[in-house]
Amino acid sequence: MKTIFTKTSGLTERPFHYCPGCTHGIIHRLIGELLEEMNLIEKAIGVAPVGCAGFCENYFSCDMIGAAHGRAVAVATGAKRARPDRFVFTYQGDGDGASIGLAETVSAAARGEKISSIFVNNAIYGMTGGQMAPTSLVGQRTSTSPYGRDAVTMGFPLDLPKILTQVEGAVYVASVSVESPQAIKETKKALRKAFQIQLDGLGYSFVSILSTCPTNWGVDPVEALDWLTTKMKPYFALGELKTPALEGGSNS
Amino acid sequence: MKTIFTKTSGLTERPFHYCPGCTHGIIHRLIGELLEEMNLIEKAIGVAPVGCAGFCENYFSCDMIGAAHGRAVAVATGAKRARPDRFVFTYQGDGDGASIGLAETVSAAARGEKISSIFVNNAIYGMTGGQMAPTSLVGQRTSTSPYGRDAVTMGFPLDLPKILTQVEGAVYVASVSVESPQAIKETKKALRKAFQIQLDGLGYSFVSILSTCPTNWGVDPVEALDWLTTKMKPYFALGELKTPALEGGSNS
Amino acid sequence: MTSGITKYLFAGFGGQGVLFIGKVMAQAAMLAKRQVTWIPAYGPEMRGGTANCSVIISNKRIGSPTVGKPDIALVMNEASYQKFIASVVPGGTLYVNSSIVPDLPGRDDIQVVRVPVNDIAHEIGEAKVANIVMLGVIQALTPTLEDEILIKALVELAGKKPELADLNSRAFKAGIEYARKHV
Amino acid sequence: MTSGITKYLFAGFGGQGVLFIGKVMAQAAMLAKRQVTWIPAYGPEMRGGTANCSVIISNKRIGSPTVGKPDIALVMNEASYQKFIASVVPGGTLYVNSSIVPDLPGRDDIQVVRVPVNDIAHEIGEAKVANIVMLGVIQALTPTLEDEILIKALVELAGKKPELADLNSRAFKAGIEYARKHV
Amino acid sequence: MKNVVKINVERCKSCGLCVHTCPKKILKIGDKPNSKGFYAVEMTDQSLCIGCAFCGLICPDLALEIYREEKGE
Amino acid sequence: MKNVVKINVERCKSCGLCVHTCPKKILKIGDKPNSKGFYAVEMTDQSLCIGCAFCGLICPDLALEIYREEKGE
Amino acid sequence: MAMLMKGNEAIAEAAIQAGCRLFYGYPITPSTEIPEYMSKKMKSSGGTYLQAESEVAAINMVYGAGAVGERVMTGTSSPGFSLMQEGLSYLFAAEIPCVIVDVMRSGPGLGGLGPTQADYFQLTKGGGHGDYHGIVLAPASVQEMVDLTKEAFDIADYYRNLVIVAVDGILGQMMEPVEFPPYQGRKLSPKTWAASGAEGRPKNNVISYYLTPDLGESENLRWGQKISLMKESEQRFSEYLMDDAEFAFVAFGTSARITETAVDMLREEGIKVGLFRPVTLWPFPEKGLSARLPQIKGLMSVELSSGQMVEDVKLIVNGQAPVGLCKRQGGMTPEPEEVVDAFKKQLLGRGQG
Amino acid sequence: MAMLMKGNEAIAEAAIQAGCRLFYGYPITPSTEIPEYMSKKMKSSGGTYLQAESEVAAINMVYGAGAVGERVMTGTSSPGFSLMQEGLSYLFAAEIPCVIVDVMRSGPGLGGLGPTQADYFQLTKGGGHGDYHGIVLAPASVQEMVDLTKEAFDIADYYRNLVIVAVDGILGQMMEPVEFPPYQGRKLSPKTWAASGAEGRPKNNVISYYLTPDLGESENLRWGQKISLMKESEQRFSEYLMDDAEFAFVAFGTSARITETAVDMLREEGIKVGLFRPVTLWPFPEKGLSARLPQIKGLMSVELSSGQMVEDVKLIVNGQAPVGLCKRQGGMTPEPEEVVDAFKKQLLGRGQG
């Protein structure tokens, strides 16, 4: 019997705690597969955020550190500078990376830290029960924007990858998604590139991944894929926004 | 006798404590003049940083609040939301606004806070005696980059105005300078526009001003003007980077 | 149930509505001018994790609002059964959702009442009201307050949704009836 | 100067080199195998603000490293004169940079030595060494350590710059000479 | 040659993403709850499966494995 | 018509920016220290002043004011 | 009319009724209902809810709104409260009135979501730098959360000082019937010091630094006088069966509620115990406790921590009676029976012997 | 050979000699010489100096380097230390060894640059959330700054606990002759727990949370045992003329130096006083002080704060003798004469009467 698709050794056996249909699980699997395929399981140090993925150290087969909310990039910086021979990545939500941890993310990018950040943008604070995130869309109802996000008083969604294109030390910036098998394959490609860039010592690599939160969006998992496609994708700049070959970014 | 040039009532009588030739004083004067000319002295609330300008509440004729290091924008947000009828501005150094206060600056911009930030970039930490700033140039020797800023380990200068062009709620972003009477006049224009944008309720306005620090650069004041012109100006994107008319910015 | 004080524990998966029936109890107690406290506890997971709440109804001022040893406990899933069966006060009652919880070793010193509330709810046509059915069962067998006041609380908590109020009332009555017939 | 302990205070504008001559003293004391402490104090301004340092040289272990009442004080500018004249211990000595500090009301119970060190330094050809000139004056009139050891310290602190060491030594000697001649 | 989708019933959370994504529409939500109360997904007609692995790619909970039985196996 | 540059000696910090900036090169650092020890700037030839105010614009310490004496004043 | 309300929501509603028109916060379990309630209700009350990018930003927004003279609040839980420590020290030094809610969750670190009182030191001794204190109010019921939150704003304005409302996660999440009597604020002087725009008056500066040590000392002494005044005037406590008590429990918040039941149980056994409940954690109600000491043979602090308040109790008792400790940690709460047992083991033997 | 060195630089050099290879920091007066020295020397020592974007980032970088098992340090001053409080609580919970230097400057708020000891509570009680403690070392001379900094790394690794070196601004800025004897570290077990890459072993997680209150309690009890062990084993103090003393001063750091002179002055008057100097502020050297109590008629805490350590002194004295306080604040230090006067006024009359 030929195996077409099976679980990677980059992940432990532990079932995920995520809600049904939450695409955090898909993203985990891609990372796990790359850890295995790129032979990084024994070399990687992952940094977990606070957020729904705050327990992800249980799932990745490599060594893991649990950071304080928003500080994963600082923790990863500390770890990578201590062990430059290791592969160090962060896994963070949009609140973690783009709100409380914004200074850490942008500053590490500016310093060109040789780490890779995976930024899971679900346009909401999942873990704490659905509050507005910096990435929540205009008009989006959340538990702290009960009348919908109003651009005049609450501002506009923060497009962190777009910002990072303007930061010299960020050498690879991609914005991808997971609503379909095709999108998932693209995402894996972007992650592989990001990881390779770290291994090549080129600088900071950052992959933003649009993800769903059926629970707090108040829709079923399949509808959530649709919401992601029709609402989120049009707002956030998508693609490889900056690559080492293509300095300056494709969005300019 | 006709007055061609005299001290504005937007500043108090108190002499500045700045080092000889430090251009913080020029920037102060421009702000003071605009407070007077735009009739804002009784309406303005200024927020002072921690940094060499940390005592600037003594100089501006309007009400002033002294913030913690890096938090001027958050303080200004708190004040403006409390008194939307007031004119609220921050005056900050590059360490204050682009290092410890980076999240505050970018987040306020994203929210489109109706405040104006004046960002004085002298490529160094002046007050604490000349440590490396996020804006220090590659190769620049400072007391914490004694062998010169090395891009590989310490990263690249952070160009905050450039970053802010990518943030939707930042409606006016200018990057100007003060090394000559012409540059000073341009700077005043930019400041006036920034202030007017706040008065018109359009969103966040941000003026970055390249400034000198003869003391910590270790050069005399006149040489400092030259250093600014020949070293700093080529690195940082200059001009009106984003205006309400010209959404998206002139740098793209 | 000593000295006019009754302590409840309602436990299950998140999503099974155990917090809600605790709220109904608490609201009803307040309407009845009794003293009352309601405390929730969640697991760290957003959905599918465990959730429970403790309710105390009392004639006099309530000191401790925590319920370590409930007089009346309800378990809507197996994990909660395992976790809480030992805590029920001797002489107390444990209600078990037998639609989901298998027949497990019990205790001799408490009453264990097994009710297939999911199935009953299914019959009413709305699987979601299994919790309210159970509330009816509890009310039928170990009442602390009047039926009417519980129904009033149910209606109040339905807010401006009359269909919901109606559905809930029907489920509640179904629970009462089932208990009177079968237990 | 009780029990082999001497307390110094050197005060002036930032930039006048008062911290440096304190360091020279401290370095010399260490070379002489005496106990020593050196403490700086700055104003909040970067330049032109006030700066001072306290040095204690002692034969036995030094308790308090702070100098509230100096035996020997030096004031290089008027503000420091105003601030510190009252603190000098009765019987102590106050050195005043008379190139800058005007003739102000003094004290009867201390010795006040006025020296135009800026002018003397100007004569040597380097205005910046006024501080070292004053160090020479102090050494001439109220020595705690040997001349040679102070010169050694001056040379050591000049690091790898022989011209600087030379200049400093000359200024130091000019101070000594001036004091012997004029005071 | 036959493609086999192995469903790990205990890992399935009944989210329906595979059902939605399968191009052959041969998966459906089942009617037996697993030990966690989730109605695991079921295969309706294995023979129609083209082994595209879309279901496995989209499944967030690693509940699916896909194999190909070579002829004669 | 004559342009007058008023120098506030006590505010001047002797930085030399005005000296550097004046198009007519008529300002110079003086040789008398003010009470803070700074050698304030001095005007060498007022009559050459064109009243451009560049000196005032560049002075970081508000030490300069510029006036124009109208004819007959 | 009474209504059933969660503690967190009751705090939020009380704040609005007390004239709080600005809320800046960052969500964190188990305090999130406060920002959620505010986001729903502030607008229609003519106020502003703003979600800050972090707790650091939130406390500094509070600083800004307080500095211009408006009534302002933030709410958070332990890790977020830790991030506010620099801000609290600044708020004190700049003498900016404001109200901060800490709904404590178990630590240290990320810890868990269970209730705790282990922020006691941080709350009362000053988790930030320098000599300063916030007044710390510790309600023990949802009703008291309403009453004290309203008062908090008055006290803050009266002293120009930060006031902290501290509850554990149970109180924040608990529902109890609660009433909202009409708010009658204290008479307070106008905020002439505020940096609200210098219209028609000389300019104001609101700052937190001093230029010289002399000034630093005189400022610190002035603040010290305010601290003494607050210590003198703001001690609050509540007693349960203390009149004839020979033994006193000392407990606040949820542990006080649990202890109340333990007192009842011991009283049923004929043992004369009572409960002394600090309502202000700072200033600690030392006058009230001292007044009881003559009649007391032993005391026991009941805490959801490793034992922090017990230090303050000991400082007051000063060796005059044995002081015991009954504690649970990490999100656990003791059963009243445990409190009874601990009492019997640690004190009853000794106190009678 | 002795060399003249600033306290801050001595700390930095000692750290490098103790094998610290990572320094993450953010400049702040009066601790800035530490990062400056590190930026100069780390590279040639094979280590890394990195300027963080803030103190919050710095402490979390420390967390990262400590978690992978390397020796790491940061240094800051009071406001920066306040910003690190969340991080400290996390470091404790994740049991990550590291060394943090707090060169205290006067507060609260932005305050001033003068020396102070007013971070005492924040340092010793835990300015962050939850039950935790760092070991706090308080040297009183530049030489001791060297010796204790080296030890700090060993202690940190031994207990897997954060260790804080706390000095006031005077000690940080002061120059004294200092020697660097060769570093001989403790024998320590390898860091098998570190998340350093799972090469050839099962994976490690370094985390700071627990999922349930039960776990939370058992973790807290385990940490509590470590705290007890550290309390038992790490108390350090130094005494000056205590053998026949009838009165004891208690003071640390600069105020201990000043008090030493005051002791000399009082001894000259024939008054039998001595100085008890805590070298560890946490654990407070309660065994040492208790041992002296029988001979002591009165104690006086001498502090650069409103009086914070005096609470710990009182907790130990527990009413057995009067406890006085001599204090200066806001960046001021007392003259030895002032200490003498305060002693005479507060204690001498009472102690003899």
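By written order: A, B, C, D, E, F, G and H. Residues from 1 in each chain.
We take it that contacts are C-beta pairs under 8 Å (C-beta built on N, C-alpha and C of every residue); 3 or more make two chains touch, one makes a residue touch a chain.
Nothing here was measured: the structure is a model prediction, and the numbers come from that model.
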{"item": "Lowest number of touching-chain links that must be crossed from chain B to chain H", "value": "1"}
{"item": "Chain whose average C-alpha position is farthest from chain H's own", "value": "E"}
{"item": "Whole-Å gap separating chain C and chain E, where each centre is the average of the chain's CA atoms", "value": "37"}
{"item": "Euclidean distance of C-alpha centroids - chain A vs chain C, Å", "value": "41"}
{"item": "Multi-partner residues of chain C (each touching 2 or more other chains)", "value": "44, 48"}
{"item": "Numbers and ranges of chain F residues touching at least 2 other chains", "value": "13, 38"}
{"item": "Two or more partner chains touched - positions in chain G", "value": "48, 50, 53-54, 56, 79, 86, 90, 94, 109-110, 112, 207-209, 211-212"}
{"item": "Footprint of chain F on chain B - complex, ascending", "value": "1-7, 11, 15-16, 18-26, 29, 180-181, 184-185, 214, 220-222, 225"}
{"item": "In the complex with chain C, residue positions of chain G that touch it", "value": "2-4, 112-113, 170, 173-177, 254, 257-264, 333, 335-336"}
{"item": "Sites on chain E touched by chain C in the complex", "value": "13, 33, 35-38"}
{"item": "Chain B-touching residues of chain F, taken from the complex the two chains share", "value": "3-4, 10-11, 13-17, 19-21, 38, 51-54, 56-62, 64-70, 73"}
{"item": "Chain A partner contacts - residues on chain B that touch it in the complex", "value": "99-103, 106-107, 110-113, 134, 151-152, 154-159, 162-163, 165-169, 251-252"}
